[in-house]
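In what follows, chain A forms one complex with chain B and a second complex with chain C.
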Partner chain A sequence: MNYRKAARREALAGYLLIAPAVGLFIVIGLFTVLFSIVLSFFSLPQGQLIWNAKFAGLDNFKDFLLGGNYILSGFFRQAIVNNMWIAFAMVVIVIPLALIIAVLLEKATRGVRLFRTIYLLPMVTSSVAIYYVWQGLYDPTGSINQLLASFGLDSWIAKNGWIGEIHTALPAIIITIVWGALPHSLILFFAGLQAVDTHLYEAAEIDGANAWQKLTRITWPILKPITVIVIIMNLNVALQVFDQIWVMTKGGPAGATQVVNVLVYQQAFFQDGDMGVANAMGWTMFMLTFILSLLSLKLFGDKSGRESH
Partner chain B sequence: MNKANLRGKMFAIIASLSLVFALAACGSKNSDNGNNGASSPSSTSTSSESSSEQSESASPKSDVKLTLSHWKVSFDPGFKAVAEAFKQKTGITVETQTTTPDAAYSQKLIASAAAASLPDIWATDASPAYRAFDGKAYEWSGELSKDEAWKKGFLPAALSGVTVAQANIDAWAKDEKASDWQKATKPGQVYGIPIDVGAFYMIYGNKKIVEQAGLEAKEPATFEEWVSMMKTVKEKTGTPGFVFAGNVGGVYNAWFVNLVDYMKNGEESFTKFMNREEKLSDPKHIWALKFIEDLTKDGLLLPGAASLDIDPADQAFAQGKAAFSLGGTFTYANLTAIGMNADDVFSFRVPAFKDSVVPDAKVSPFPLVQLVVNNEGPSKEAAIEFVKFLTSEEGQVLYANNAYDLPSVQIKDGSKLNSSIQAMASSLSSESNWWSENPAIWQQVFKEDWKVLSTGMVKVMLGTSTAEDAAAEYDKAAAAYKKANP
Partner chain C sequence: MTRAKTAALYCILLLWSVLCLYPLLWMVGASLKAPMDVMSTFSLFPQGKWHWETYAEVWNRLNFFSYFWNSVIVTLSTLIGINVLYSMAAFAFAKLRFPGNNALFILFLGMMFVPGITVMVPLYLTENYLGILNTYIGLILPSINGAAPMAIFLFRNYFRSIPHELFESAKMEGAGIMRTLFQIYLPLSIPILATLTAINFLGSWNSLILPMVILSDQSLFTLPIGVILLDSGVFRQWNVLMAGSLISIVPILLCFGFLQKYYIKGLSAGAVKA
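Right after this comes the complex of A and B.
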């Protein structure tokens, strides 16, 4: 009986200790998320107070998804295509590149500290400051154009700057995003490689396994679940990208680097925008990220889970 | 579980709760300090400085402390100078809070209004009943009638630009985005007092570059003469003729295209164009994109201008990267603030084409920023007193000279203003005309479909679209807009 009383008291103490955190989460986290979902079904023009919100049903979604608003749906289409290009680049460039560098680092015997410092640089520097540096590099009179000019490659120069031309702006932004996202993926792969028991390789060698067999039978099964995490992480970065674009191009030129989150920001905070439409766009993007993450888990997750056990 | 353990846990709980209350107490103490009982909005990303920490022993004493929120960093010295003089007179302290960028400031105001924690005074863009938050703003018409001398001091366009007119009420009645409160306003109501005036449609020229090209640094007689000046500058000095903020859609549309089109085609055709009854691809209006196309083909635009925002475009001009720049009266303060010598600049209204219908259109100044007083604030009377002082001749001289801004009231002794403000003020007409009386027509350029024109304009700037194709794209968007907003 005493034991049960003490256990109850202990539980109560636990609940009391976590109560402030749970309270904060309910007020700040859960409430805002639920409020945002509700708002996506209302029309709340920019500048109006919340009690002026009018129920709009699915109109907000129809406006940008089904062409209800000709102008907005055009901008949304362009933004989603750009997000998809960034997502594609994040998967096909970042993952192989991070894996290759991780393998090389794992095998390196000299200069490992220096390389670690270099690859961690994007993580420890102020992102906004770095975007301004990239902006300077891409400027019409920036280092990239000057370098090309010094090699006599005048025809390669982007006259309006690398983020100032419609055809080069998105690839230039993708390079910046890839550069910023690489360290996170690299760290995960590097940690995965270091977790491989070296005895497994020795045993495989004794059994006569070649390098390909060691890679596919030992390394890959261990790295596969990590790859799923890396894919989901990179998809998330690609579909939620905002700060690089806002600092460097604001979606320009002529919408060449427009992405959904920039459009959401403009809809929410600029004149003629609508907070309801902004929230609807945000939740559409969340659903897309969620579906793509589920697909990634389906493709790699379950099997790898069973294999790795 | 032993008693010592339990006692330890209880101690931890009490300590945690004490810490939470202590932190909460610190927070509330700060907010009280800032606002004398009136809750102030969150100070995240704001800069807050007291205007005058030490009051003179001779000045009256008062415990009242007002908070003035705004988003104009360059105006802050002006507000502080007035606040200091106000404190000398009344003992009332006015603390300014600057929040940037403007989108963050707007959102902060909206959130404060919803949470009933607005500051005593807030600045907004000047427009009738704008940011009045469904009646949370003080209505000034009674005070203006009571104090005729104060009312008469304002430039006519300044006050009319913030007064609710029947045209506003008619427009709100049709506008789905307008609130019921806006629809119920009455003609003649005033919810914000203008603190400055200004105008767009200014071309700034770099005297040195223009003279280096062998030209006289003076206002060109026509649009064609201005383009010819740019060509000569490019030919003789290699410097591109023109720069403007290509990445900010509204700049070209609202600071240039609408007035030039009005001058070129006259009231009737311009009104039809603004009402989407005449197309951009019409030979009368396509000049707006043809001009950009010609500048691009002749290499007269600064490379990279399509990606520039307003400040970087001003900086490029100030650094001598282009001979001419597009701006407003407010650009002058920015150019001098970033180090350009005032003597190296000459300015003129955007020029009219040779055969324009209204070539000598006068640009009337309109109010740019208004101050709104919190109708529910604890120090409402003091806030009204401060706004009246700021918009008195004495307050406006102090404000204008410290903020490099044009005053909204008539300054009888112009010599009290610094020379550059005097020069700008004299270039504007204070008389009423068609342009100043019909803002609802020329402000159509702020509507959604004009974003498509901005996108097309950038494509033409970058040579990836022709003027005709971009015009056709805009015409489609304009037709869709008109269908959705008949």
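Right after this comes the complex of A and C.
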């Protein structure tokens, strides 16, 4: 009897402790998510009250996926392609570069902490402030063009600025994104390398292992799970990118840097947009991110890791 | 390593440092130049007079004092909210038995997959009906909620790593649950408090889309949208824009010294989350 009373009191205390968190979660988290999913099957022109929403079935999805709305589906296709280019760069450029710098930093004996602090700065300062700086560097008369001119590479100069010309805008934006996102991968790789027990290398050397064997048998097994995490993390950054584009180009010139999240924002909060379509687009992107993450887990994840044991 | 190899190593490390630092230095230099010199001279810092007065103008006349203050209020409230709310919830999840414990915990963790921008529309509509659109509260509550998965996860694991005897003996001594949490467990959890503070300080301070959606009253604007507002003129005044930009990241640079260690911990923990 006493025991049951104590258990009831414990449960009550538990509920009281989680009550504020759960309350906030229900109103701000769960409710908005469910609301958002429901809304993606309704049509609600921007600025209208919620009771003007009309059920639209799958029309929202047809609009931007299957060409139901010709202009919108063109924008969406371009945005997806741009997101994919950014994702590609976030894997093929960021990972090798971060790994190389991490390895070099691990080899250094002096100033490691200072270097690490400096290398983190792009990430912690990545905000509106820094995106304006990049705009300045990419300006028609900005540092990059000035640097090219001083080397006499006049034909390389982007006359309308690096984010002002259709064929250079996306690469320029990608450089800004890579610059800000690389530190995260770098720090994870660096932490992984530091976690490798140096005695393992010594023991391997005594056993006559060469550099390649040390890399594939000792270093890689530790770095591999980190690489999987880094890939998923970077894909997520690439597919959810918004701030950089919004501040630097708003998707221009002529859609050259348009990405899905900017399109979602414009659909949701600009005139002529439809909030239902915005939500449908957002969740489509979410599904895509989710599927790509699962695929990377399948391709590089646990399975082969277990085989090596 | 040979001497040549060491030299090459440090050359590359220095080169990368320059790439990391150059935009920041450009920001400082541009803010101190005369307006027309920003784009016309290649030298990083002004060659003639250093125009410190631009900062005074941005801070006083262009409202940066108010944007700064708004950012401080929002970020501080968010950080306090995160640490109080989720240490409490995580304590219940870690230490107390009640029906639904695990299910609720997993539901919280599941929220980390929710894409931020997608839920902006319903958030906007919901806040409109709750009457908290365009208020500090309307900005603070979603920021707190967004940190829930990571905060609950880290606190719960940490509380579980503390020997259970401590909990039992606090109970024996007659300490209530709240006292056990706030006077015994939280003081032992400083590393987690610091990690969550470091990560969420940056997240909240640099946040752009949420204030863009929630706030329309200029007197409530936080720094990131304040900086964008500086750019709304017909032609861009680079020195003013850069002075505002620098003001907006100075707190980050100042705090980063102390918080770096915990920030790095948070990055690795965040990776588990991803």
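Points to keep in mind about this one:
Note that the second predicted complex is superposed on the first by the 298 of 309 C-alpha atoms of A that agree within 3 Å, B and C clash if a C-alpha of one lies under 4 Å from a C-alpha of the other, contacts with A are read in each partner's own complex, and residues count from 1 in each chain.
Just so it is clear, a contact is a pair of C-beta atoms (placed from the backbone, for glycine too) under 8 Å apart; a residue touches a chain by one contact, two chains touch by 3 or more.
In this text the structure is predicted, and so the values were computed from the model without any measurement.
In the superposed pair of complexes, A:Gly161 makes contact with chain B only, with no contact to chain C. Residue contacts after overlaying the shared chain place A:Leu72 against chain B, while chain C stays out of touching range.
In the superposition on chain A, A:Leu17 makes contact with both chain B and chain C. With both structures placed on the common chain, the touch criterion links A:Thr249 to chain B but leaves chain C unconnected. Once the two complexes are overlaid on the shared chain, A:Ile187 sits against chain C while remaining clear of chain B.
Once chain A of one complex is fitted onto chain A of the other, the partner contacts of A:Phe269 extend to both chain B and chain C. Of the two partner chains placed by superposition, only chain B is touched by A:Pro45; chain C is not.
Of the two partner chains placed by the overlay, only chain C lies in contact with A:Ser36; chain B stays clear of it.
Of the two partner chains placed by superposition, only chain C is touched by A:Ser143; chain B is not. Comparing chain C and chain B on the residues of chain A they touch gives the larger count to C.
Shared contact residues on chain A (touching chain B in one structure, chain C in the other): 7, 10, 13, 17, 20, 50, 139, 265, 269. Touching chain A in their complex are the following residues of chain B: 1, 6, 9-10, 12-13, 16, 20, 103-104, 106-107, 110, 113-114, 131, 133-134, 176-177, 179-180, 246-247, 303-307, 309, 446-449, 451-452, 455-456, 458-459, 461-462, 464, 476-477, 480-481, 484.
Looking at the complex, you find that chain A touches chain C at residues 7, 10-15, 17-18, 20-22, 24-25, 27-33, 35-36, 39, 50, 101, 104-105, 107-108, 111, 115, 117-122, 124-130, 132-134, 136-137, 139, 141-143, 146-147, 150, 179, 184, 187-188, 191, 226, 229-230, 232-233, 236, 240, 242-243, 246-247, 261, 264-265, 268-269, 275, 278-279, 282-283, 285-286, 289-290. Note for the complex: chain A touches chain B at residues 3, 6-7, 9-10, 13, 16-17, 20, 43, 45-52, 69-72, 74-75, 139-140, 159-161, 163-167, 249-250, 252-255, 265, 269-272, 274.
Chain C meets chain A in the complex at residues 1, 9-10, 12-13, 16-17, 19-21, 23-24, 26-27, 30, 38-40, 42, 85-86, 88-89, 91-93, 96-99, 101, 104, 107-108, 111, 113-126, 130, 141-142, 144-145, 148, 152, 177, 181, 202, 205-206, 208-209, 213, 223-225, 227-228, 231, 238, 241-242, 244-246, 248-249, 252-253, 256, 260, 263-264, 267-268, 271-272, 274.
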